[in-house]
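Letters A, B, C and D name the chains as they come in the text, with residue numbers starting at 1 for each one.
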Amino acid sequence: MGRRKSRFLRKPVEPFAVAPNLSADDVVSRMERVSFQGRNLGTARRIWEKMIASDATIFLGTAGALSAGGMRLILAHLIERRYVDCLVSTGANLYHDLHETRGRRHFIGSPTLDDAALAAERIDRVYDTLASEDEFCKNDEWIASFVLKLERRPYTSRELLYKLGEQLWNDTGNNGILTAAYRANVPIFCPAIADSSIGMGLSQARHRDQTAGFVDVIGDVIESANVVIRRPSTATIVLGGGTPKNFINQASVQAEFFDDRVGGHKFAIQVVTDVPHYGGASGSSLEEAQSWGKLSIESEKVTVHGDVTLVLPMLVSALESTAGDALEKRKRPEFDPSGRVLVMNGQALADNRFQES
Amino acid sequence: MGRRKSRFLRKPVEPFAVAPNLSADDVVSRMERVSFQGRNLGTARRIWEKMIASDATIFLGTAGALSAGGMRLILAHLIERRYVDCLVSTGANLYHDLHETRGRRHFIGSPTLDDAALAAERIDRVYDTLASEDEFCKNDEWIASFVLKLERRPYTSRELLYKLGEQLWNDTGNNGILTAAYRANVPIFCPAIADSSIGMGLSQARHRDQTAGFVDVIGDVIESANVVIRRPSTATIVLGGGTPKNFINQASVQAEFFDDRVGGHKFAIQVVTDVPHYGGASGSSLEEAQSWGKLSIESEKVTVHGDVTLVLPMLVSALESTAGDALEKRKRPEFDPSGRVLVMNGQALADNRFQES
Amino acid sequence: MGRRKSRFLRKPVEPFAVAPNLSADDVVSRMERVSFQGRNLGTARRIWEKMIASDATIFLGTAGALSAGGMRLILAHLIERRYVDCLVSTGANLYHDLHETRGRRHFIGSPTLDDAALAAERIDRVYDTLASEDEFCKNDEWIASFVLKLERRPYTSRELLYKLGEQLWNDTGNNGILTAAYRANVPIFCPAIADSSIGMGLSQARHRDQTAGFVDVIGDVIESANVVIRRPSTATIVLGGGTPKNFINQASVQAEFFDDRVGGHKFAIQVVTDVPHYGGASGSSLEEAQSWGKLSIESEKVTVHGDVTLVLPMLVSALESTAGDALEKRKRPEFDPSGRVLVMNGQALADNRFQES
Amino acid sequence: MGRRKSRFLRKPVEPFAVAPNLSADDVVSRMERVSFQGRNLGTARRIWEKMIASDATIFLGTAGALSAGGMRLILAHLIERRYVDCLVSTGANLYHDLHETRGRRHFIGSPTLDDAALAAERIDRVYDTLASEDEFCKNDEWIASFVLKLERRPYTSRELLYKLGEQLWNDTGNNGILTAAYRANVPIFCPAIADSSIGMGLSQARHRDQTAGFVDVIGDVIESANVVIRRPSTATIVLGGGTPKNFINQASVQAEFFDDRVGGHKFAIQVVTDVPHYGGASGSSLEEAQSWGKLSIESEKVTVHGDVTLVLPMLVSALESTAGDALEKRKRPEFDPSGRVLVMNGQALADNRFQES
């Protein structure tokens, strides 16, 4: 083998070396040089660091039972410390967050419990996790009461969730996703709000007063695109796929339609368990997203194929150890999500027309 | 082994016997006695037959790229022949249906195509399937124009999609999901309509006229629950998971809250590729659904773990061969989804309050 | 859009059209023009037809609980009708085949049965399928007795399994994988025979007579490569991955080392549920196999991501309807696997040296 | 809700709290109280600690591309520090370990590289990892030369791999799986050795001398069962499934046949990506294993559904921080794997008959 080494064979895999008392940062750093999903986790941390060091507006999408599953204070932390700028979530994650912020709990169970016995005790199961249905009903009532206090007009999910966070914070003073977003002025979009217990709470408000509970989800479509148009450098972090993944990409595609400075997200991280080969959006590859212009052809991107509860604690713990300085220096957008119209860096964003350039 | 056979060992697996010129019905019938997902496919056909023979209102939920992937005329057939009574869909499936009903096509591609080259030609990829982005933009305009013709008021997605199907049928006379549902008076709910190109079309209507494009998704929550309250025997067929899966279950749970004759769906079939052990709703087991009361403890149910494009053609082809008589005799609900208020079996269903018993 | 259609957008997806009384052939033919795994199933049938029409030696690899799961008579049919020429299998598939050929059965169960109750009754569960452990113990004894009748010398798994099939056929006259292969002179390799109940039966023979039960698995490595060297045009069909997938590829790679006419398999079909992104061989892509020279760069190939019990009945039923003539005209290799040395097309293949060209 | 809390709702989920400079131990400890696979990772560490504190013989099974993927020094560490007592591996993991121990490397690549270009440069791809085929050929020659130095007689894979480790250590003095096992006197079984490049190396030795390269894999079956019979308290840790998973279970089942003190493994951890519902052994549940008696009904057990490269670095880093004392005090078995007959705690274990009690 006297011949020159191939250009393909330049950077060797470094076998992970165990040592006593490694930090999360050490572990994730060493994973950068292994293979497969371990390497992708290491890469995800580095790309997130680059997002923070850039001028990108960072969207975070959250689907799956993250709040019930013990991830809600990580998300609250990401919001509070502004690792991210704008949240797009399923309703369920916000609802289960509200449940705990209101002082209720989810409980450790097992996937092999007897569901008939659980049903008899009015206990709801999410794989290996349990909660009281009676407590859920109280949440629904709390949401309905909150809604009935609002002025009667349509609300974008963004405005509604800001006010919900405000009410929760005033009532409880507890940390959580909704209350952290309220305090940090991070907007939350929930495009599929009707498909969740928050939607059920809204429908119960309507039941009591037929003029209540109007959500203007089309306003959300426009606002989210205008967030991109106003500041065309963007990044996306997706946990679990679902409607948030598509909604964040749609914002970019819709924005580009009206402003050709927009050229797709510049950075992308996704942590998913779905796979590409069944054609669904949740599992779709980041390469495929480039054909649509959802991601820039030059974007830095990585998919970590794994459960969020396995990946996120390590990823954020490592990031927390190394991103501090960059967080301080971030050129981040500032929002005021409190009003009918979203304000970004001091300027109002229309919710009824796209901000053409 | 003179001892008596265990009660567990009563019904043997029958090895599948190949024969010339088997029909789809033959194949699926023989699969009932094999194991694993083959057996589950056979069982799914039998449970669907039982749904039809019962008095249940049959909900069909569709997520994933089914229309782009060549499944839309199967869904149209299920609607037209009333194998199902009410559709809950992602926006994407309806949008890609509209694309083809308007005479455009999706194309055979490959997952290994160069996405930069596709982007350069404005071609969008869905795994191994391609479409023209310029044609998609024309669809968006068509939808916006349609929306601008409507009276200015909020519409449930159900009413809006009825009118969209009507317009499509009048314009094209072509078969598809939306036009079949229009003609068969099958209501379609789309709880996450904002997260789709239909939502983008609605937002473009709003862009042109700020009084247009209001969708009342909370009205959908109430209407769908009232469909269950009016006729508490229900069945669910879910293809792909996503928001439709949860929305159909939510209708049952919400209905039970107001009417204790409701006790969860009586039959359930799901064809999914997600798995339960990551905690997400798409992959959640039908047993877990029983703890919540989404399904009756006595329900007949089966999960087929497989790609819908692999399972549905065989399943429906087999069903078509054996369900004919039962379809004729079905005690099915009749809807009039044309108005502001949904009519079921001649009676209006409220969209602003739950029909308490 | 006056501009010319892209070269990428030539062949449209054809929505699957349901019709009464479709045959398996009709269904699979229509699936060729849909997307995702449905299309891949349709493509698999066409590639298998091309294998048959070519001069390729067709290897079939079988892993997973195919025999317990009701697939064994399909495999027997493929062997008997010579849709394939050489089988590479896990031991478990051969063992569960032997169980049924000896007149025992596997039984329909459920994945939610109580495993403690099953253990108490000595019933073994394979997901939703059950069998009697006492009957399994009788099989092990039967195998040990068979082994003790053999001349004391090492046997390749290929020779041993031929003799096992012969004994089974003489004892029972029943159809199955082992007996069909015996009668059709199709060699069976079982590289991981030690990891199965056949290996346990062999070990029990050794327990009774320490000169018994020697399997020469390295002889299998050489023989399988020589099958490729003798006739360098080859094809591979893999059901489920595992050791058979790799062993078939290894035969090609090893053969090429000694004979540069060998250039990788010319055709490849795999039906797998594992995915590529965890790096394991079972889920590895057919593209990756090309980098190793396991497959020719020009090979025709398809992966169907799905459960074999879902895919194989439909695939073989469709193939049976269309491949008849081609099967008659096949230029297939003829084996005599009865002796110490495998004979192929009348010439002995060495088991102790590679047949250099 | 004045009523008493359900017995099901006792132990709340504790949301993971991010903090600066968490250690791997901190992260994994906090994961014990979240849900889904994160919790299972936390539980796996605790069960491994209990294995170490017990008197169990700990089997470790390794499948998948662990060595190519950067996990080999973790496995070497587990062996050297005697977190485990006996390794069962695929041949590939040992071969890729030998490659690096001999001073060669695997390289960082990408799953989207052009496989034709790689093939042209004789570079082999394992998902996102690359290696030189010419270097692999040199390994095969090295193995063949090693084999030709051995006395001409059948070797169990256990004896052969001990001698291979010895030779490697003498040649290189480098750390790795094979050399660590040699130095720590940890036996390695490789039941599917024929299905790997080690098998190819053995076959090339046979090619040069037809009396060389005989592996007695049935002897391995007997020896491994005798390891259980001699010391019936056992534990199993499976990384990736495959033949090692089944072989470790088979040892227990076979042992129980001859000695009814054996009652299945007392502890079980598996880290797998396969799922149960396709019926294959790799994905089979630990509950199912109880029906067979592979695991004791009272065993402590956990499945972590995730990629080994994602799970193992974190799991072992955390374990390393907390298991030190227990490792010192371990009541572990001592082996001498250097000879024709395996010696355990000073007594020879037969390789030609089961040690009946």
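Methods note: a contact is a pair of C-beta atoms (placed from the backbone, for glycine too) under 8 Å apart; a residue touches a chain by one contact, two chains touch by 3 or more.
In this text, all values refer to a predicted model and were calculated from it rather than measured experimentally.
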item: Reference interface A-D: repeating pair among C-D, A-B or B-C with over half of contacts shared; value: B-C
item: Chain pair with the higher count of C-beta pairs in contact (A-C, B-C); value: B-C
item: Intercentroid distance (Cα basis), chain B paired with chain A, Å; value: 27
item: Distance from chain C to chain A - Cα centre to Cα centre, in angstrom; value: 45
item: Distance from chain C to chain B - Cα centre to Cα centre, in angstrom; value: 37
item: Junction residues of chain D - those touching two or more other chains; value: 35-37, 65, 68-69, 113, 118, 123, 126-129, 275, 277-279, 287, 305, 307, 309
item: Residue ranges of chain C in contact with chain A within the complex; value: 35-37, 275, 277-279, 305
item: Complex contacts: residues of chain D adjacent to chain C; value: 63-65, 68-69, 92, 111, 113, 115-116, 118-119, 123-129, 133, 137, 154, 191-197, 199-200, 202-203, 206-207, 210, 213-222, 225, 240, 242-243, 246-247, 250, 253-254, 257, 273-282, 284, 287-288, 290-293, 297, 307-309, 352-354
item: Touch list for chain D against partner chain A, complex; value: 1, 6, 8-27, 30-31, 33-39, 41, 65, 68-74, 77, 100, 105-109, 112-113, 118, 121, 123, 126-132, 134-135, 138, 287, 304-307, 309-314, 316-317, 320-321, 324
